[in-house]
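In the part that follows, the structures are each spelled out as C-alpha cells.
Next, two complexes with subunit A in common: one pairs it with subunit B, the other with subunit C.
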Partner chain A sequence: MLTLKNLSKRFKSKEVLHSINLRLDTKVYGLLGANGAGKTTLMRCMAGLYEPQQGEILYNDEPLHKSKSFRQDLGYLPQAFGMFQELTLYEMMDYICSLKNIAKSKCAFEITQALTSVNLENKAGDRIKTLSGGMLRRAGIAQAILGGTKLILLDEPTAGLDPGERARFKNAVSELKKDRMILMSTHIVEDIDACCDSVIVIDSGNVLFYGSCEELRNIAIDKVYIVKSADSDSIDGDKFILKINELEGEIYHRVLARGKQDYQSEKPTLEDGYMCLVKGLA
Partner chain B sequence: MRRLYLELKNQQFYYFVPPVVLFIVVPLAVLAAIKNGAGDNFPECAFIAQLFIPSFAAWWPLLTLKEYLNSPGRELLFVYKSGRDSLLLKMIFLWTLYLLHVLIVFIYFAYVFDYVWFLFIAITIQSMFMIALGYFLSLLFHNTFVPLIVNFSYTSIFVLVLLYSPLSIFQIGTSFNAGSLDKSTFVGVIALILFYGGYQLEKHLYKNSI
Partner chain C sequence: MRKLYKDSLLVFLRSKNLSIAYFILLAISLVYFVFCINNFLKYNEIFSVAIWLVRPCILLSAFFIYFSYELVIKMYDHNMVEYLKTFQYGLLKAYGAIILCLLTVVLLPAIMFSSFMLYMYYYSGVQYLPFFIHLVKLSLLYFWLLLIVSTLLGTAMAAKLKTKRLAVYSLTVIFMLLNTTFTDVPFRIPYLLFNSYRTEKILYNIKDFVTVVPYELGNNFTIDAIYGFPMEPIRWILAVFWVLFPLTLILTECFNRKTQKALLATSGLMVLLGVGLFSVRGSTLIMDMRVNSYPFADPFYYLDRPREDYDGYEAGFIVEEYDMDLTISNELQAEVEVTIDNPDLDNYEFTLYHGYVLTSVRTEHGEIPFAREGDYISIGNLYDADIIMFKYYGKSPKFYANRQAITLPGYFAYYPQAGRKNIWDLDQYGYVRNTSRNESQYSVKIHSGLKIFCNLAGTDNSFHGKSNGVTLFAGMYDEIDENIYAEPMRNDLPKREYINEAQEILNDIFDRLERSRPESINLVLDKRFFQVPRNFGLNSNTDNLVIMSDHITSISCNNGTELAMNIMEAIIKPKSASDFQFRMDYLKYLFNRLDENEPLFQTSVDLNLLLKEMGEWRSLTGKYPDMNGSKYKDLSEEEREVHITVERRMYELHFVISEKAAKYLFYESPQKEDNMRLFFDYFTSENEQDYLQLVERIVKEELEHAHIKKSEQAL
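So, the complex of A and B:
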C-alpha cells in the first residue's frame, strides 16, 4: 500500500532520515523512537508535506504527487491540532470535509459517523476552544477518518493525555483498524503494545527494527534480570538499568544485560525489547 | 466558498470591524466634513476614504492567513490543501468581497458628489496593494501581526504626515480624473509584484517551514 524506497531527508547539512526502506499494508503500525529520532519528519514525508532529497514514497505503486487517490485516502493527525478555535466541532469537521473534497450531500452523514466513532457525537455543537485535550485528540482522529480514509497517520496522538483519555483513544483506534493502514508514532511503548500489530523502531533517522510486537519482545529474551541493587554491579558485560523499584524495603533493579548471567532471567516486555535495541544490547 | 464562509465565521466579532468602518465610520466622517466645510467637500471626502478604506482592506485576509501561519493546526491544513487551493486565491476572493462592500459606500458617495468613480478605482487599487503587502509580509515573516502593524502605520504616516512623498500610494489633494490614475497604475503593478513574490514564498518556502 505505502512503500518507502531509499528515503532520505536533510535539513540544511543535517540528515534527519537515512535511506529508509519500508512497506506498509493494512495493519496498525507503531512508530517508536526517542525524541528527535526522526519520527515526525518521517510522518511528514509520508503525508506529502516534506519532499525527500533522495528516494521516493509510493502509494499503491504510484509516487505520492502523481497518485490521485492518495489525498482522498489520507487521514492525518499532527502533533499539534486545534485550529479554528471559534468554530464548533461540527463546523471544523465541515471545513475538513471541504478540504478533502467530500461532496456536500455526504458531509452530514460522514461527520456524524466520524464523531460517533470517537464518542464525540454529543459535542458536535461545542466550540473547539471549549474541548479538553483528550476530546481534541479524539476530534483529531475523527477528522482523520472523514471520508472513509484508508491510510491514517497519527503523530504522537496520546501525548499529554490522562490515563482515562488514553484508554478511550486506544479503544477508538482498535475500532477503526479494520481495512485501514494506521501508523501511530509515539515514544510510549505501552500504547504500541495495546494497539499495534507491528512496530517500527527508529533511532537517529535509521530504522533499527521492523517486525511484530512479539519479535521485538523476543529480542530481550535472556537479557532481563531483576536483581537487588547491591548485586547490580555483579552483572557482567554491557548492561542498562531500566527500572529501580522498592519491594518490602529492598531496592531492586530491572537490568538489561547482553550475556547470560548467574541470575534467573525474566519474561521480557515490549519496553525491554525496545531498550535492548536502542542501547545496543540486542 | 464554503471554506471562506467558515474562515470568516471563525473571526467572530472581528469580522464586523471592516463593515463598521465602511458603513458607519466613513459615512459619518464624510457627513461631518460636509457639515463643517464650505464649497467643494470632495477633496475631504477623498482624504477620509483613503485614510480608512485601504487600511482595512487587509483585515479579513490577515485574520484568514492567521490560521495558516500561526494556528496549531496549520500543518494539517497544508497536508489536506490541494495544489490548486492557494492562499493567493483566498486573498483575491477577500479583495473582491471587500470591494463589494466599498461599492455600497461609493453608491452613497455618488449621490452626494460628482465624479466619485475615479476615486473608487484608485481606492480599489490601493486596497489591492494593501492586501498584496499583507500577504507578502505574512509569508515572509510567518506572522500576521507584523503586517497588520505595517499596514496601519503605512496608512497613518503617508495619509496624515508624508502626504506628498513619492513612496505614498495615496493621492491626497489631487482632483480625481482619468489622468490621476497614472499613479494607480504604478501602484497596481507593485501590488501584482508583491502578489507574485508572496505566491513564490507560499509555493517554495512556506510548506517546508512547518
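So, the complex of A and C:
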C-alpha cells in the first residue's frame, strides 16, 4: 500500500532520516522512537508534507505526487492539532468534509459515523472550545477518518491524554483498523502493545526494527531480570536498569542484560524488547 | 466552497474580538457618514465633504488588516494548517474561503461609501458625466480596492509572519504612518538639517510606493476641481500591485515547493515590474511638504538661485510661428518647431521651464549643440536656418500635464519662449506672467485621451491661431457658457453677466480716471475666459488673474466687481515686494469696496504721525540692508533679538503706513481723485521710484497747502 524506498530527509546540514525502506499494508503499525528520533519527520514525509531529498514514497506503487487517490485516502492527525474554536464539532466536521470534497449528500452520514467511531456523537453540537484535550484528539481522529480514508497517520495521538482518554482512544483505533493502514507514532510502548499489529522502531533517523510486536518482545528473551538492588551490580556485561520497584520493603531492579546471567530470566514485554534495541542489548 | 465560506463567516461573526470591533467600526462609520451628510447639506461642497470622507480611510484600512490577520491566524493558532495541507488544495481552499469572507465584510462599508458618493452627486445638482465617473472611480480605487488591499495585506502577513504579532502590528503601524502626513516630520529632516535632497527623495519614493489612500490623514491642502482626487495610472497600477503581490505571497503558502518557487519568482518579478512602472510614473499630483511638491517645488527652487533681472531684456528675435506636437500621457512630451524672424544672430536664448528635459535641438541642417542652464537654453549660430526644432519631455509640479488633467497656462514657459525671462519672482512670491508683446502664429496638435480646451480655435485637440501664448486645460473642465471655461463642479462659476458687469465697471473706472483703457483689457468681452484651479494661488500671489491677448485666466469670478478688481490688479504693476498691501488698498478705494465700520474710519489720519512712521520705517530698513541667511547666522544672540524686534516693528509699520496712506490719499484728501490718477499712472508706468517716496511727497505738499490755506484764512 505504502512503500518507502531509500528515503532520506535533511534539514539544512542535519540529516534527520537516513535511507529508510519500509513497506506498509492494511495493518495497524506503531512507530516507536525516542524524542527527536525522526518520527514526526517520517510521518510528515508519508503525509506528503515534506519532500524528501532522496528516495521516494509510493502509494499503491505510484509516487505520492502522481497518485490521484492518495490525498483522498489519507487521514492525518498531526502532533499539534486544533480546530476553529468558534465552530461546533459538527460544523467543523462539515467544514472538513468540504475540504475533502465529500459529496454534500454523504456528509451527514460520514460525520455521524466518524463521530460515533470515536465516541463523540453526543458532542456534535458542542463548540470546539468546550471540548477537553482528549475529546479534541478523538475529534482529530474523526477528521482523519472522514470520507472512508484508507491510510491513517496519527502522530503521537495519545500525548497529554489521561489514562481514561487513552483507553477510549485505543478502543477507537481498534474500531477503525479494519481494511485500513494505520500508522501511529508514539514513544509510549503500552499504546503500541494495546492496538498495533506491527512495530517500527526508529532511532536517530534509522529503522532499527520492523516486525510484529511478538518479534520485538522476543528480542528481550533471556535478557530481562528482576534482581534486588544490592545484586544489581553482580549482573555481568552490558546492562540497563529499566525500572526500580519496591516490593515488601525491598527494592528490586528490572535489568536488561546482554548475556546469560545467574538469575531466573523474566518474560519480556514490548518495552523490554524496545529498550534492548535502543540500548544496544539486542 | 460555499460551505467553507459560510463557516469562515461564522468564525468571524462568533469571534468577539473581530465581530464586536467590526460592528463598532460600522456604527462609528455610520455616525461619521451622517456627520458628512450634514456637512454636505450645509455647504454643498462635494470635494470638501469627499475629503472628509476619505481622510480617515487609512484607519479603516488598519482595522481591516487587523480583521484579516486575526481571522487567518486562527488557523495557525489552532494548529490547523498542517492537516489542512494534507487535503487536496486544502489550505488553498481554506484561504480562499477566508478571503471571500473578508471581502463580504468589506462590502458593507464599501457600499455605504459608494452610495454616499452617488447621493452627493445626485443632490449636488451638477449633472456632469466626467465628475460622476470620477466619483465612481474614487469609490472603486480608494474604498473598494483599498479595503481589498488591506484584507490581503493582513492575510499575507498572517501567511508569512504567522503568529509574530509584534512584527505584524509594527508593519501595520509603519504602513499607516507612511499613509499619513505624520511622516513629513522625519522625512523632511535629511533636507532641512543636512540639505540632502536625494535622501528626502528616496524616503518619499518609498512613501509614495506604499501610499494607498487618496488624501492622507493630516493633509490640509485642498483639491483642485479640475483634477479631483489623484487617480493617475500609477495609482491604479500600485493598487493592483498591492492586490497581486500579497496574493502571490499567500499562494506560496498553499502549494508545494516547486510551485512555491515559481510563485516567489512571480512575486519578485511583480516587485520589479511595480518599481519599474513606479519609476516612470511621470507627472503626479504631490500635495505635501516635500521639496518637489506642488506648493513648494518652485518657491524652493528659485529661493536657492540668485535672481537675475531680465526686465527690459531684448532677445534680438521674435518667434513668428510655433508648430507644436505635444503628447500628454504620464507627462508632457513635446516636439516644438519655432520659426524665428532673425536667423543672423550669433546666439539665441530661449526660456523653457527647468522641469522639462531637453533632448535635442535641431535645424534643417541637423542637430545643433545647446547649453542648458536652469530655465534657459542657449544656442549658437543657426547658419541661416530660421526654424529650430526642440524635443523635450518632463513635468512641472504645479502646472501638471498627465492623463488625469492638464493645466498649462500660456504665461508659463512649457514651450520655448524667445529670450531670457524670469519664471518666478521672489519679491512678489509668484510666477512671472510672461505675456509676450508679440503675437505668434500657433499650430498645436495634442495627443491625449483628454478633451483639451485651448484659447485658440480648433477641434479634436488640434488648434490654430494667433496669440501671445497658448493655454491648455483639460480634466474635469468644460465650456460652461460661450467662451467661458471652468470646472463645472465649482460653486463660484464665472458667468457671462459677471464679465459684462466687469467690463462696465472698468469702463466707468477709466472714465473716472480720465485715462484710456490699456490695449490688453480692450474687449474683455471678446476674450475667452478660463477659470483656473483655486490652488494656483496656493504658492503664488500673481496667478490671480492674467490677461493674454486673446484670453483671460482667473482663479475666481464671484461677481463683476471682483472680476473688474482682479483685472485692474493685473494691469497695475507691482514696483517692489513691499507695495502689495498698498496696491490692494488702492484697488479697494478705487472700486469703493470700503467698510466704513472699520476702526480705521472712526478717526482721520494724522499726517504728521504718518510722516513720522514713514521716517521710522525708512531708518529701520537701512539697518539691515543686505540681511540673508548666512549673515543672520553670524549674528550673536543679542543681535538676533534686536534684529527680530526690528523685523516685527517693520512688519507692523508696513501695514499701518499702507493703510493710513491709502486712506488719506484716496479717501480723505481733497485731491483724492487726482491722487487716484497719479497712482494709476505710477503703477502702469516704468517708474521704479518707491511708492513711499511718492506718498511722502504728496502728503508733504498737501500739508504745506493746508498750512498756507490756514495762514491765508488767519490773515
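The rule we apply is simple: the second predicted complex is superposed on the first by the 282 of 282 C-alpha atoms of A that agree within 3 Å, B and C clash if a C-alpha of one lies under 4 Å from a C-alpha of the other, contacts with A are read in each partner's own complex, and residues count from 1 in each chain.
Criterion: a contact is a pair of C-beta atoms (placed from the backbone, for glycine too) under 8 Å apart; a residue touches a chain by one contact, two chains touch by 3 or more.
Remember, predicted model here, so these are calculated numbers, not experimental data.
Q: Between subunit B and subunit C, positioned on subunit A by superposition, is the outcome a clash or a fit?
A: The answer is clash.
Q: Looking at the overlay, what does A:T186 touch: subunit B (first), subunit C (second), both, or neither?
A: neither
Q: So in the superposed three-chain picture, is A:D94 touching just subunit B, just subunit C, both, or none of them (first/second/both/neither)?
A: both
Q: Touching A:Q72 in the superposition: subunit B (first), subunit C (second), both, neither?
A: second
Q: Considering only touches as defined above, state whether A:T158 meets subunit B (first), subunit C (second), both or neither.
A: Touch partners of A:T158: none, neither subunit B nor subunit C.
Q: Quick check on the superposed pair: does A:T269 touch subunit B, subunit C, both, or neither? Answer first, second, both or neither.
A: A:T269 contacts neither subunit B nor subunit C.
Q: Under the contact rule defined above, give the subunit A residues that sit at the interface with subunit B and also at the interface with subunit C.
A: 44, 47-49, 51, 71, 74, 76-78, 80-87, 91, 94-96, 98-101, 104, 143
Q: Quick check: in the complex, which residue numbers of subunit A touch subunit C?
A: So the residues of subunit A in touch with subunit C come to 44, 47-49, 51, 65, 71-72, 74, 76-78, 80-87, 91-92, 94-101, 104, 140, 143-144.
Q: Okay, in this complex, where on subunit C does subunit A touch?
A: 1, 3-4, 7, 10-11, 14-15, 74-75, 77-80, 82-88, 90, 93-94, 256-257
Q: Give the list of subunit A residues in touch with subunit B in this complex.
A: 44, 47-51, 71, 74, 76-78, 80-87, 91, 94-96, 98-101, 104, 143
Q: Using the touch rule from the top, collect the residues of subunit B that touch subunit A in their complex.
A: Within the complex, subunit B touches subunit A at residues 2-3, 6-7, 9-12, 67, 71-82, 85, 207-208, 210.
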